[in-house]
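Input: one structure, supplied below.
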Amino acid sequence: MGNDKPRIREVALTGQESPTVKTIRLYDPPTSDAAPGQFAMLWVPDSGEIPIAISGTEEEYSEFTIKHRGETTSEIHDLGVGDKIGVRGPYGVGFSRPTGPAVILGGGYGVAPLRYFYQSNSSNVPLTTLIGATSAEELLFVDELDAEIVSTDDGSRGHHGYITEVIEDVLEGKDVEMIYTAGPEPMILRALEICKSRGLDLEASLERVMKCGVGLCGSCLIDGFRVCKDGPVVGLDQLDEFSEFGRWTRTASGKKEPI
Amino acid sequence: MASSCRATVKTVGNRTGTSTKLLGLKFTNPLFLASGVMGTTPGGLKSAVDAGAGGVVTKSLGLEARKGHSSPNVVGVDCGYLNAMGLPNPGVEYFTEELSKVDVGAPVFASIFGEDPDQFAKLTEIASGAADGIELNLSCPHAEKVGSAVGTDPDLVERIVSKAVDATDLPVLAKLTPNTDRIVDIGRAAESGGAAGVVAINTVSGMAIDVETKRPVLGNVTGGLSGRAIHPVAVKAVYDLYEGLSVPIIGVGGVETPETAVELILAGASALQIGTAVATCELSVFRDVDRGLAEYLSQEDLSLEDLVGLAHRN
Amino acid sequence: MASSCRATVKTVGNRTGTSTKLLGLKFTNPLFLASGVMGTTPGGLKSAVDAGAGGVVTKSLGLEARKGHSSPNVVGVDCGYLNAMGLPNPGVEYFTEELSKVDVGAPVFASIFGEDPDQFAKLTEIASGAADGIELNLSCPHAEKVGSAVGTDPDLVERIVSKAVDATDLPVLAKLTPNTDRIVDIGRAAESGGAAGVVAINTVSGMAIDVETKRPVLGNVTGGLSGRAIHPVAVKAVYDLYEGLSVPIIGVGGVETPETAVELILAGASALQIGTAVATCELSVFRDVDRGLAEYLSQEDLSLEDLVGLAHRN
Amino acid sequence: MGNDKPRIREVALTGQESPTVKTIRLYDPPTSDAAPGQFAMLWVPDSGEIPIAISGTEEEYSEFTIKHRGETTSEIHDLGVGDKIGVRGPYGVGFSRPTGPAVILGGGYGVAPLRYFYQSNSSNVPLTTLIGATSAEELLFVDELDAEIVSTDDGSRGHHGYITEVIEDVLEGKDVEMIYTAGPEPMILRALEICKSRGLDLEASLERVMKCGVGLCGSCLIDGFRVCKDGPVVGLDQLDEFSEFGRWTRTASGKKEPI
């Protein structure tokens, strides 16, 4: 619990990934040692603390790739090299190590944890990457992950439409065992259906409001499952059992909200 | 972390049951989920029961939905956590409605918080729609006007409890704050008001400051300390209440192992609640502690009831 | 144990002085030995100064010699100790006489405890014979009739302080209990009574029960919790007192590292006392914390005075 | 600090060493691993807690050799096999390992820690043991420590008088570097004088009222030295610096009392 106190770090490097997405790099040994799929709680003093996936590591540095959404993410976007931010974690359960050919399926900033997953793939299994975004300029890490197919909602690059619409074509010719995915919940839901119908396995990284990150507060519950501690990466069986997944999320007060 | 969750009580002997009757309710074991920890949704409550909890308490519910305090809401300290959630909850009606559709699998106490006796009465009435008991939160250390603001004045406590008792047929528990020099007076006031039992303790007032940014860490500045750090404070509170009260006491604070559980029972607790340990240990902490408790009872050849308050014999 | 004593504050930069003037006294650093810890003899006080303490507080002294409570007097708990010494002391005259023959090497506060304003006045008068300041113990949680029994009533506190102030020319400090919901009221009462400063906190009420013998461990049954477990409680108390009082605050509770020291100073403490860490760390804890504090100040380019209460800026 | 809670143990074995001295054996791994000279706090529920030296160990068992003095020691004497007692520790600093020929000098129940010291002597240095007591039947561990000379105050065995009176004779013929001692403080004081005059080194185990055993309470102070934490074994230089040693002890209230 002494570890669950924010460590104050200086931003070592920043990079703009898209008009709305920025990566920051911090010297932070604990998170640099995390499993792909694990996340950290990032604290911007006087603003707030939010859960962010680890998007890559290099030696004792970790990277976080953050979409400009509201108050706290906007504060993080304003940080420059040398500015301070608090980090605690890593938290949660990450992705398993791939043991056979697999597909990486990322939507929006969901590509962030998958980038770290890709970086960490030390086994020799072939990974096929599919990436979707709203528009061409919002596509993340396409080259780094050697994406085979991309899609955009506005058709500005690759497939015009949702990335889920091309999964089955990609799977046709390939001997794939498993999909690793993160991104909008409808995308994950669709991937789940595809995996079920084709007998593939699946691991998905989920998001909920996370106020503690350690399994205490219950703000991140899906049914009775603590996404922060027992997730955020969940397997197919677990996902398939949820009654709320893909349909409901919870607001900060605990009220249900349709996804 | 995990290491502190292991039992140090010896575990030889045959397992005996720890099922218990209390407040007119039946529990498969005396280890309940504490308010505010995981129990923000009926699904969270059910998870705790599936993991072995003998009963559960909901997150404290108010009349209106509340988002809670701004983040950070939780910070780790030595042997515990500070939290300042700020009583986020979807409102008593919303929660009761949702709860009424779920079979939690064990008795559910609805925890409620309000500003005055009338609010508590109204909350009690609504919450009684789906709960098996009511727990009055008179003790949250980091919410303005509610919580311990209403829980340190014995007269007010008596009026709140008595109004709540009038508003329901269910057993009403009063949850007490340790941040006072009058916990026994307050417990007695709750008893006079008709409380079927008291729950002790809520969190201990505390705060953390980050030395690099020189800012309080919690969004709310101050918060409540929970976990093993406060276990000795809980033992003392339960011990003192046992001397001063006749209603059953439910002990809370730093229960993580069979040993910490037995300590509170010896001090006078008839049942226990577990909060922080669902984070520092696994959710199986309910089952693990229950198993250790059962083995302890069998080894000592005592029933659970026999054990309650045994440290007072003289 | 030792590991928790290590500094986590970065220690680059040049060492600057932490010498400080407070209450009309000069201290080589703001880290004092807390009352009751090692300071039962003038030799113990001197040892702390030799090990780097900038000031020292004696064991609390009463009018008569006291053997203290029956043993066990101390029991270890998670992140701290429970103690129930029972205010053993050789009596104020005896101690003052012995102290007058020793050059401790730093300012000495005589801590005193009594049952009423007149006793405090008398004790103050006698102790002033050899001390540089007086600390009124209004807060021992495990002694009958004295200690927190007199320290939770603001009116009584004001009368005690004012009688003590009248009985001496030395600065008078009031040491406060955290076991109350009115610590700021009590601090204000001390201030009105003429206290030159307040000291916060004394130990937190607690107890431990042995599960095998089913007996309270401490001979006195209940005791006071000290050490890192209570650090967040101390930070909160100091923070609140800083908002409500104008006299200097001396922070105590779980100081073991430069970081824990800085935290209390940011909360509003002008100086600190260290108790439990002389057992959990080495006696060099005074020097080690001072060094870390100095390095922190140098790195942040702040004076000690600048740092006091900085977490309150808004 | 979690370790500083009494562990409840059953008495595994008891033995009467003399009319007033008894040994109890407990299964207690922490103290069985102690250095000779270290002590434990023994707790008799409903009576009290007292400091007692470890007098020997065997595998994970420890022994304590206790003189019947007052309330708590009398309770311990009443314990039989299977009865319960609390133990915390080991505490303090023990004896150094002997590196050359040495004398063991024990008086009264002070022989207890020296017995463990003797047991633990794995180096091949020759140890010469001298043991004193009030009377023949109170001499402890004479055979076990292969005592070269014993003394009794009443002359019922060995030298008639104090054991310190024979030290110099013993030293005459021998190439001794050091004395290890425990027992009445006047005996230790005399040994100190002898060592100083002959240029020998010395380590002595001291006793004071010990209420906490961990260095908190100050009840065990000699001058400003915490006997419980920085002792109980102290070296010659330290001993020689003390102003109170050999002259004053402190009562439970902290008042000085002549030794």
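Labels A, B, C and D are assigned to the chains in the order they are written; within every chain, residues are numbered from 1.
Everything that follows uses one rule, which is that contacts are C-beta pairs under 8 Å (C-beta built on N, C-alpha and C of every residue); 3 or more make two chains touch, one makes a residue touch a chain.
Only a predicted model underlies this, so the values are computations on that prediction, with no experimental measurement involved.
**Q** Which contact partners do subunit B and subunit C have in common?
**A** Neighbours common to subunit B and subunit C are absent.
**Q** Rounded to the nearest whole Å, what is the centre-to-centre distance of subunit A and subunit D, using the mean of the C-alpha atoms as each centre?
**A** Computed value for the inter-centroid distance: 64 Å.
**Q** Based only on mean CA positions, could you tell me how far subunit C sits from subunit D in angstrom?
**A** Chain centroid spacing, subunit C to subunit D, equals 35 Å.
**Q** Distance from the CA centroid of subunit B to that of subunit D, rounded to the nearest Å?
**A** Here subunit B and subunit D have centroids separated by 49 Å.
**Q** Taking each residue of subunit D in turn, which ones touch at least two of the other chains?
**A** Where subunit D is concerned, no single residue meets two or more other chains.
**Q** Touching two or more other chains, which residues of subunit B qualify?
**A** 77-80, 208, 215
**Q** How is the touch graph of the chains shaped: line, ring, star, complete or other?
**A** The chain contacts form an open line.
**Q** Using the touch rule from the top of the page, what pairs of chains touch, sorted by label?
**A** In this structure, the chains touch in these pairs: A-B, B-C, C-D.
**Q** Help me check something: in the complex, which residues belonging to subunit B touch subunit A?
**A** Going by the criterion above, the answer is residues 1, 36-41, 43-48, 50, 59, 65-68, 70-81, 83, 85, 88-91, 94-95, 98, 208, 210, 212-213, 215, 217, 219, 227, 275-276, 278-280.
**Q** So in the complex, the part of subunit B that touches subunit C is made up of which residues?
**A** Subunit B residues touching subunit C: 4, 9, 77-80, 82, 148, 152, 177, 179-181, 204-209, 211, 214-216, 221-222, 225, 228-233, 235-236, 239-240, 254, 259, 262-263, 266-267, 296, 310-311, 313.
**Q** Residues of subunit D touching subunit C in their complex?
**A** 1-6, 8, 41, 43, 45-46, 48-50, 84, 86, 88, 211-219, 221-226, 229, 244, 250-256
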